[in-house]
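Take this structure first; my questions come after.
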Amino acid sequence: MTAANILPAQGATTPRGRLAVLAEELWHDKAGFIGFVVIVLLLVMAIFAPLLAPYDPAAQSILTRLKPPAWLDGGDWAHPFGTDQLGRDILSRVIYGARASLLVGVSVVTFAGTIGVLLGLFAGYKGGRIDLFIMRAVDVQVAFPGLLLIILIVSVVGPGLLTTIVVLALTNWMVYARVIRGIVLSVRQTAYVEAAEMIGTRPSRIIFRHILPNLTSPLLTLGILEFTNIVLAEAAMSFLGLGIQPPATSWGLDIANGKDYLFVAWWLVAFPGLSISITVLAINLFANWLRVTTDPQEREKRFARAKAAERRRHRGGGG
Amino acid sequence: MDMTSEMPLLEVEQLSVEFDTRRGIVHGLRGVNLSVGRGETLAIVGESGSGKSVTAQAVMGLIDVPGRIAGGDIRWKGRSLLSREGARAARDIRGKEIALIFQDPMTSLNPLLKIGVQIGEVLQRHLGMSRSQAQTRVLELLEAVGIPAPPRRANQYPHELSGGMRQRVMIAMAIACEPQLLIADEPTTALDVTIQAQVLELIAGLQESLNLSVILITHDLGVVAGLCHRVAVMYAGRIVETGTADDIFERPAHPYTQGLIRSTPRLDDRLDRLIAIEGAPPDMLSPPAGCAFRLRCPSADTTCTQEPPLLSFMNGGNAACWHPSNVAAVVETAEVAIQALP
Amino acid sequence: MIRFLLRRIGQGFLVVLGVTMVVFVATRLVGDPVQVMLPLSSTDQERADFRHQLGLDKPIPQQFVEFVGDLATLNFGNSLWQRRPALSVVFQHLPLTLELIACGLGLAILLSVPLGAFAALRPGGVVDRIATLGGLLGLSIPQFWLGLMLIVFLAVKLHWLPTSGIGGPSHFILPAITMALPSLARLMMMVRSSVIDELNQQYIRTARAKGLHFTQVLFGHAMRNALVPFLTLAGWEFINAMAGYTVVVESVFAWPGLGFTALKAIDHNDLYLLQAIVFTVAIIIVIVNIAMDVVYKAIDPRIKLA
């Protein structure tokens, strides 16, 4: 296959051209596109919360307790999602809640990711005893009853934002270590790395030039998926009273708050929960698209299947 | 062997296969014509990417997304395999009347199932044998392909066998139902040289004892010499020359075939350098118009931008070329003149 | 096989030792357990007495040795809350948790296989896209919220099922469904991707070239080979269920299993009971891990016992 024969329309070479191709593919995958849009909206919501929220999320008002959402009897558009038992506006709490989830998610992924990647790199590159030791540590940690251990630690140290972040990082670094170690091991076995080592290339150079480029794509996908796990974990922790504490706002906390009023005011629980679900779903949809797009084989398959489906449709379904 | 009195077993006519990729449509096969008669061995020779394996897969109905058959016909004993009923019947024909063995026996066998089970499957499926009947026959088959201690081997897994033995297992699976045509797609490429010879001998022996027709696909001319009656040379998705083995080796007509023969080193040659064919195979996304070989051909000129005619020779072979070597031996028939028209 | 088992048990021991150390550190060195266990109004003298009573004023190494000794003899002390041996409390509530997991996970495993296989047959097709969307949805909904919403719709609005607690079989349904759904989603996605991967392998080409019926190719080859990663994930789901999901689900439905008890133990600052629970669960996890390895080996002949 000679380079000169590549059709110009398909083989975009400039950065802008490549971005355009990616955007086109994202547009075609409706699910991924919706996911991406929702993520952007969430980010905007979290960053600009003070500007977007109609009320202070902690503002209480006896007069407007347990108001239903605007489209039901008894509700009004001053409080579109209704109010809780203290008169706080649910919509505002939902908007501010995004901040907690985002903050915890990003912090934990950064922490746990850094620990895990470093350990995985170390284990994979050094091999031998160090590898064995680190992987044993991973096995031990993996065998730990996760949430129960969190419960144990939090019961002794006390709940809070910082504790939540630290504890979640400590229980979630292992997957990074395993994945990175796997990649390091397989890259090291390739012929060109062996050759580089044989001619005496410095380890740091080998790591930077050969190993790291292979890590960026899987790390990105892994980080995004782990982010969703952390969002769900933080929600569960806050729900159980072990995570973020009042007066701070968190979606999980709001659900716990609303649990007692489940039978009379379901909206206290419904909207925070919907927010979590939509957030995680959007990230999952986008991550799914990303995973296929960054893997050339999968990307080709996706294209081929779409073409085949198109052909079937044109022939009137007569495959 | 009188080939002309019998209808050919397999006929491939103007077969085209296309692959959908993000960069465009790859034209894997662009009008392949060949035929195999009973008891005949046909070699399909060509470089990697010329379309040899695709041809085999198309015959076996194994072309799947992103590939599809874009035109032409495949006929087995006169019946088309590409029509609606033909495709349905094809599943019963596959494995029973036509069998295919692949290049890499390690990945072609299910790693989690015992050898005996995998061979037995074919017997149970096509011949309706029971488990125990199949087991007995499996042992006979293993012996027929030269595997020692059949009872022990039948209970082993693929990773416990050597490469040569795995290929024998593949052959056993293929001949289990006594097929009429065996397609061997590069059966020896993944094996050591000494094992290569054994496997080829096995195939030759089976061909005689079962009156098997064989299509042998390979890029190695040495493999072809002792085994095959006829040879078809493939280039860029088309057959460029066919002929008997003798004729191809001693009087190659098409420049590509000549290049292939020349570039195969022989022990008794005393060359300083190997003779290669200049250039590289064309990009199948947009193959060159007319003769695909013209960009590398020493005899090319402006007429070669037109689709070359299929010229038949008196010795029964043919070549798709404007300037074949055996010009004196060319027999131009009316059909050929018509084929030369765009 | 025996040697393999012994090795894995030995490794399991190491893991349990690791758990021991972490529990020890978590309960004694990080924060002050006495402070947590006594009311704020207690005097310093009362604290000192209590500390002495629990043996927490001895030097740390000595404490550790005693701790390990206690664990080895399965002496988890008395639950401060219920004033009886912590271990007996654990064994009273454990069966309920196991029942919940068995039902929930069992349901998930049974449904995920056909759903995933079906979706894998035509990747990118309609069934597949619906299944993938459903799977992603199942992964995205927080389990506790799902339970609450199920309660709202099925128990409160429609009065079909009870809202919480244990009783007859109808009390079982909502908790089991809540347990099952996220696992179902994960398992189904895994079955789908495994089967798709297997169907792309070379040996499937051979199977098709042999003219086997499609059902034979799918079940006899692709799905059989996909069983290995599936079982691994199923075991992992069990472990995660024991280690976390049950706490949440039991809390939502007031299901008096081990997780519910653990939360109550926190409310009562009962560190001994918490220790006992964490330990028991860790041991169960180790045992399940070993069992999974054994099963793995039985299915995949290429795995060497080392």
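Which chain is which? They are A, B and C, in the order written, and residues in each are numbered from 1.
In the analysis below, contacts are C-beta pairs under 8 Å (C-beta built on N, C-alpha and C of every residue); 3 or more make two chains touch, one makes a residue touch a chain.
Note that the coordinates shown come from a computational prediction; the quantities given were computed from them, not determined experimentally.
Should one ask which of B-C and A-C has more C-beta pairs in contact, the pair is A-C.
Located most centrally within the structure is A, per distance between chain CA means and the overall CA mean. Each chain gets a centre from the mean of its Cα atoms; for subunit A and subunit B, those two points are 50 Å apart. Subunit B and subunit C have centres, each the mean of its CA atoms, that are 55 Å apart. Rounded to whole angstrom units, the spacing between the C-alpha centres of subunit A and subunit C is 22. Across the assembly, subunit A contributes 301, 305 as residues in contact with two or more other chains.
Across the complex, subunit B is touched by residues 1-2, 5-7, 10-11, 299-301, 303-305, 307-308, 311 of subunit A. The touching residues of subunit B, counted against subunit A in their complex, run 19-24, 65-66, 68, 280, 282-286.
Across the complex, subunit A is touched by residues 11, 14-15, 18-19, 22-23, 26-27, 30-31, 33, 36, 123-125, 129, 132-133, 136-137, 139-145, 148-149, 151-152, 156, 240, 242-245, 247-248, 251-252, 259, 262-263, 266, 269, 271, 274-275, 277-278, 281-282, 285-286, 289 of subunit C. Residue ranges of subunit A in contact with subunit C, taken from their complex: 31, 136-137, 139-141, 143-149, 151-153, 155-158, 228, 232, 235-236, 239-240, 252, 255, 259, 262-263, 266, 269-270, 272-273, 276-281, 284-285, 288, 301-302, 305-306, 309. Subunit C makes touch with subunit B in their complex at residues 201-203, 205-213, 216, 220-221, 224-225, 228, 299-302.
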